[in-house]
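What follows is a pair of complexes built around chain A, which joins chain B in one and chain C in the other.
Right after this comes the complex of A and B.
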C-alpha cells in the first residue's frame, strides 16, 4: 500500500520504461529479431540457390575458341536452315564433316569420336539458353530480321575455352542462364539474363513497344 | 533470462523480414508460374528440323490433300496442302487431329485372332503369314456357299476396292458393298434424266454458282467436301431449307424451316411456283429438255405451294419468295442430301431436285448440277446391282456367313436399330481390316489391320459432289507405327492363294501404278489427278448440242414419313451435323472430342435440343435428365432448350456414342444412328432415314 494511498496499477508493478532491466530485455528481443533476419537472409541468398539448382557437366568439354578459329564464325555451325528456321546446337551430321576421325590428343576429342561419332549417337548437349516450351522465340526474326549480334544475348560464349557446368532449375527443369547467375535477378550486361522483362525492355527500346502476349506465348 | 512469446515473435518477424529481403519468395513465385506452364507430361514436339510430307485425308469423302509436318521420324502436325484445289491449304479439325489417331491407344497393334467370347476383347496375336492363311482358309471353306460372303468397302472405286471385288469373285460372291450416300441416289436420278455411263457421277459446280438453294444439306457443317463448302457457304447467297437453325441456316440469306423430311416436297413447290409465275428458263426448257408438259401438269396438280403447305408447313408466300430468288439469280443451283449427305435420299426427291435445276437451266453448265466423268482407271470395276437390297440383307439374320470390313465399321454405321445390331452380331465370321479398334473390329473374329492414311500409299477417288473427277494420293508420311500391313498388299497375297490368275501382281505398288494408268504421272508427282469438266461452256454451249434433260415424274413417294405411332411417340427426332464431329466409320480423335460444345455433349451424356414450347408441354427444363426413345432403341440424354429448333422436333448430334476405340473416344454420348431405324425407298431399296418418331421422358 503506498503512502499516497494510490493503488498500484499492473503497469507500475511491472516497472516503468527506461529501467536497466527493461533495456536488457529489449536487447534480447532485438537479438532474436536479428538472428531471424540473418538466418533467413542467409537461407534466401545462399542456401536457397544451392538447393534450387543442380549442377552437371556437359557430356565432354568443348572449346568455342578453337572452333571459331577453325571455321571462322558462329553461323558455320549454328546456321539457319533453308526454310529460315534456326538449327541451334549442331547435330552429329555437321560435326562429322570434320570429326570423322580423332583430331588432336584431347580427352574430349577421344570421348566424342569413340562414344558418339563411332556409334552414330547424337551428343546430349545441355542447352544453356533454351527458353521454356511456353515461349516462342525465332532466331531468324532477331538475327536475320533485326540484324542482332549473337553476343547481345549469348555474351562471350564464342570466346570460351571450355564449357561451364550446366545448372538446371530443379523446379522448372530449365537452365539457370534464363534467370541469370545472380540470384537477385540483377544484371550488368544485356546477356546476363533472358527473362520476359529483358525481352520486353529491348523491344520497348528498339521497337517502341513491349509487344503483345501472343507474339511469344502462342 | 526467460525466453517468452515476445522473443519468438521477434524471431518470426526477423525471419519474415529477411525472407522478404531475399530473392526466395520472388524467385519461387516466378519458377512456380513457369512450372505450371510446362508440365512434364504435356506433349511437346521433339526439338529438331521440321519438314513436310504429302498425303491425303481419308477420314471423310471430302478429298483434302495434306501437308504432314514432321520432326525426326514423328508426325507433329497435319495441315492442309496449299497446292490442293479442294482445300487450298486449310483443313478441318477432324483431319488435323489424325495425329492422335495415328499414335493413339485405339490403334490395333498387329494381326489378331479372337481368343475369348465375341466382343470380350481377348485376342491372340498372329504373324502376318498366319493371319493371311487364316483368311484364305476361311474364304475357301465357304466358297461353295456362293453369295454368303459379304465385303464392305470404304470406297466404291479405286485400287483396293477392285482387289476386294476380285477376292469376292474368287469365292463366287457378288456382294461387294459400300455405304450408300446421297450420291448413289443422285446417280440413279441422273441415269433417268440425263443418261449415265458406268463410273459417271453427279457434281455441283458450287465455285461458279451465285446462289445455293440447299435442301437440308449442312453446307457449312460437313456436306460434300467440308473445307471447300464452308468457304462456299460464307461466300455465296444461300437459301437453307432445314427444320433447325443450324450453323448453315444461320449463315444463310433465307432460312426456310420446312417440316423434317419434306425438303423434296418443298423443292417441287418451288418448281411449281416457278411454272405458275412463268419464272423458269423457257429457252432451255424448250430447246434442251423433254417431258416438260407432262411433268408440269403433274406438278401443278399435286405440288402447288398451297397444296405443298399441308406437308411442308411452309407458307406459299415464302415458297414464292424462294422461287423468285432462285429464278432471279444468274447461276443458281439446288443441292440436296440431308446433313453431310452421308444418307441417301429417295429417288423421287432426287428427281425433284434435278427438275428444279433444269427449270432454271442449271444443268450441265457453269455453276449448275453437272455430270462428272468416270475416273479413268485402267482396270475396270463392276458396279454393284441392287446395292440397297444387298445392304439390307447384311442386317437380316441368316443371310451372311462371312463379313469382311474395310473401313465402313458396319457395327456403328449400319446398326440403325437393336435388331440390326443383333443381326450383325449373329454373322458367323467377321473379319476386320481396320487400323483402329472400332466397333466392328471389337466384334471381329480375325483382324488384319491396315495402315492408317498417314502410313500408306494409296489412290483416293473423291466422291464429294465436286464438278470434275478427282483422285488424291495418300502417301506414307511415317513408317508404320504398328505391325500393320497395307490391305492392298494383303489382298494380293491372300488372292493369289484363291485365284492366282486374278491377282497377277508382285506387289501393291506395281499394281497401283498399273491400275492408275494415265493418272499415275500426275498422282505420283503432285499427289493429285483431276479430269476435265464434262459440260460445254459459253458460246460452245449455245451452239453445241448438250445432252438433253428429261423431266421424269417420280413414281415413289417424295416424302417418306417417319416410322412409329404418333400417340406413343409424339416428337420427331432429327440428326444434327457438326464439322467437329465425324459421323462416319472412324470416330473423332480425342482433341476433336474436346472441341465439342456443352450443348452437344456434357460429362459423357448427349444433349437433345428441343423448343422451349415443346419442353413446357412435356414438363421438361434445361439440363433435365431424360430418356429418348424411338421404335428402334432408347438412350439416356440431357435436355437443352433452343428456340431455333422447330416445335415438336428434337435434335440429337450424329457421330457420338461410340462404344469401342479407346477411353478418350468411346463411351461419349449416344449414337443417333442406333435410334434412327430404316425408311426404305421402294425405288432404290436404300435406307433413306432422315429421322424417327420419338418420345422424351424425364428420368
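Right after this comes the complex of A and C.
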C-alpha cells in the first residue's frame, strides 16, 4: 500500500511542477503524433499499394461467359496436352478454329480478328496467375490427381463478362493475384491469394503435410 | 522390401555407376550442364570457381608403369539419407535457411535457390564436394540463352546449387502419369547423365523397387558407396571389381588406412574444389 501511495505522490509532483505552457506543448506533441500516425497509415495502406502496382488493360476485352456458353466447359480451351503439361491460356491456333472470320459486332472481336488473326500474331495476354520462375505448379496433379475445381484457385473468372485490368507488382514483376488484392494479406476465399503459404496450408489440410520443397519447386 | 501398394509407396531414387565401364569421356558432365542450365564462365580453367553438378574424377592405383591403373569416378550428389534414411543428410542438417530438405517420398535432397542465402554451411558439411557456389550471376552467350531449359530455374549470384537427380524430369513424368491415371514407369524418369553415358555405366531408378534395374545392381558383390564409414547413407552406388578402387572409395588417409602394402592407392582428382 505504501508503495502505491508513493507513486501517486510522485505523479502529483510531476503534474504540479508543469505550468500551462507545458500543457500546451504536450497538446501540440499529441496532435503531431496523431497527424503523423494518420499520415503514415494512409501512406502505408493507400498510397504505397497504388505506387507498388502498375495497372494495364488486356490487349482487348474477352467474355468468359459467352465462351463458356458456346463451348461448354473450361477444358475445351484450357486443356491438357498429351504429355500431361497444361496448355494454360489458349494460343491463336485454338482461337482460329472459331474466329477465322469476324463474329458478332463487338469492338473486341473486330480488334482480335483484324489485328491478330489476320496477321497471324499471338495475343500478348497478361496472365493473372503466373507463378514465379522457381515454382513448378502441376495442373495435372491438382485437377486430375486431386480432382479440384478450377474455381478453387481461380475464383469466378469463368463467370466474368469482361477482363479486369492486369496489375503488376513493380518490384517483383508478379501479378497482383499472387499477393491478393487485399494489401494486408487477409483472405476470405480460397482463390484470394496464391502465395506459398496458401499452397502449404491447403497441402497440410488435405495431405497431412506441406510436402517436400521439390514437390512445388524447380 | 516395401509391401505398400506401388502407387502410394515412398520411392527411393538412386543411381548405380559401373566404374569398370566408365571411360571418363565426360558426356555425363556435358549432358548435365545443358539439361540443368549450369552456368558457364569465359575461363573455365579454375575449377575452384566453376560448377559441374556431376564431376568425373580420375584416380590411379599409385603404381609405377607398367602396373599403373586408372579409374574414372563420376560424382553426382549422393542424395544422402542419413542413418536409417531419416533424412539427416550432412547438408540438410546444417542449413539455417531450410533451403535444402530431404524428401521422404522420393529420397531426393532438394536445393531451393530462392531460399538459399549463400552461407555455404552445406558446402562445408558435404563430404563429397557435390555443392557449388555461384560467385557471379550467370552470363549466357546470346545463342545459349535461347536454349536454356524452362524446366530448371537458373540460379542467381550468392546461392548454392547441386545435382537434383534431374527432378524436373520426375515432375514431368508424373504429370503424364496423372493424365493417364497410372504410376511413373522406370524408363520415364531417367537422369540426363544416365541417358548420355555412351558406355551405359550409369543406371538410375527406384532402389526399393524390385522391378527396377538398380535394385539388383546395388546388391552386386562389386557394389560399394563413397565414404561409407561416415554413415551418410548415399543413394549412389558404385560397381568395381578392382579392390584398389573399392578401397579408394573410402578414402582413408595413409596413417589410418586399414590395409597397407600392395594395392595402396593414390587419390589424384582433376582439380576438384
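What we mean here is this: the second predicted complex is superposed on the first by the 199 of 218 C-alpha atoms of A that agree within 3 Å, B and C clash if a C-alpha of one lies under 4 Å from a C-alpha of the other, contacts with A are read in each partner's own complex, and residues count from 1 in each chain.
Keep this in mind: contacts are C-beta pairs under 8 Å (C-beta built on N, C-alpha and C of every residue); 3 or more make two chains touch, one makes a residue touch a chain.
Since the model is a prediction, treat every value here as computed from it, not as a measurement.
Asks: So, on chain A, is it clash or fit between chain B and chain C?
Replies: clash
Asks: With both complexes superposed on chain A, which partner does A:140 reach: first (chain B), second (chain C), both or neither?
Replies: Only chain C is touched by A:140; chain B is not.
Asks: Quick check on the superposed pair: does A:85 touch chain B, chain C, both, or neither? Answer first, second, both or neither.
Replies: Both partners, chain B and chain C.
Asks: Quick check on the superposed pair: does A:171 touch chain B, chain C, both, or neither? Answer first, second, both or neither.
Replies: first
Asks: Which partner does A:132 reach: the first (chain B), the second (chain C), both, or neither?
Replies: Both partners.
Asks: Of the two partner chains, chain B (first) and chain C (second), which one does A:213 touch, if any: first, second, both, or neither?
Replies: Only chain C; A:213 stays clear of chain B.
Asks: Using the touch definition from the top, say if A:27 reaches chain B (first), chain C (second), both or neither.
Replies: It touches nothing on chain B or chain C.
Asks: Once the two complexes are aligned on chain A, which partner has more residues of chain A within touching range, chain B or chain C?
Replies: Per-residue touch count on chain A favours B.
Asks: Quick one: classify A:179 as touching chain B (first), chain C (second), both or neither.
Replies: A:179: touches chain B, not chain C.
Asks: Going by the contact definition given at the top, which residues of chain A touch chain B in one complex and chain C in the other?
Replies: In the superposed arrangement, which is not itself an observed complex, chain A uses residues 85, 132-134 for both chain B and chain C.
Asks: Applying the document's contact rule, which stretches of chain B touch chain A when the two form their complex?
Replies: Answer in residue numbers: 1, 6-8, 10-19, 21-24, 26-28, 30-32, 34-35, 37-38, 40, 42, 44, 47-50.
Asks: Quick one: in the complex, what on chain C touches chain A?
Replies: Within the complex, chain C touches chain A at residues 100-106, 108, 110, 112-115, 151-154, 164, 167-168, 171-172, 174-181.
Asks: Could you list, by residue number, the parts of chain A that touch chain C in their complex?
Replies: Residues in contact with chain C: 80, 82-85, 132-134, 136, 138, 140-141, 144-145, 211-215, 217-218.
Asks: Can you name the residues of chain A that touch chain B in the complex?
Replies: Of all residues in chain A, those touching chain B are 24-25, 28-30, 32-41, 43-45, 48-49, 52, 81, 85, 87-88, 91, 132-134, 169, 171-174, 179, 183-185, 195.
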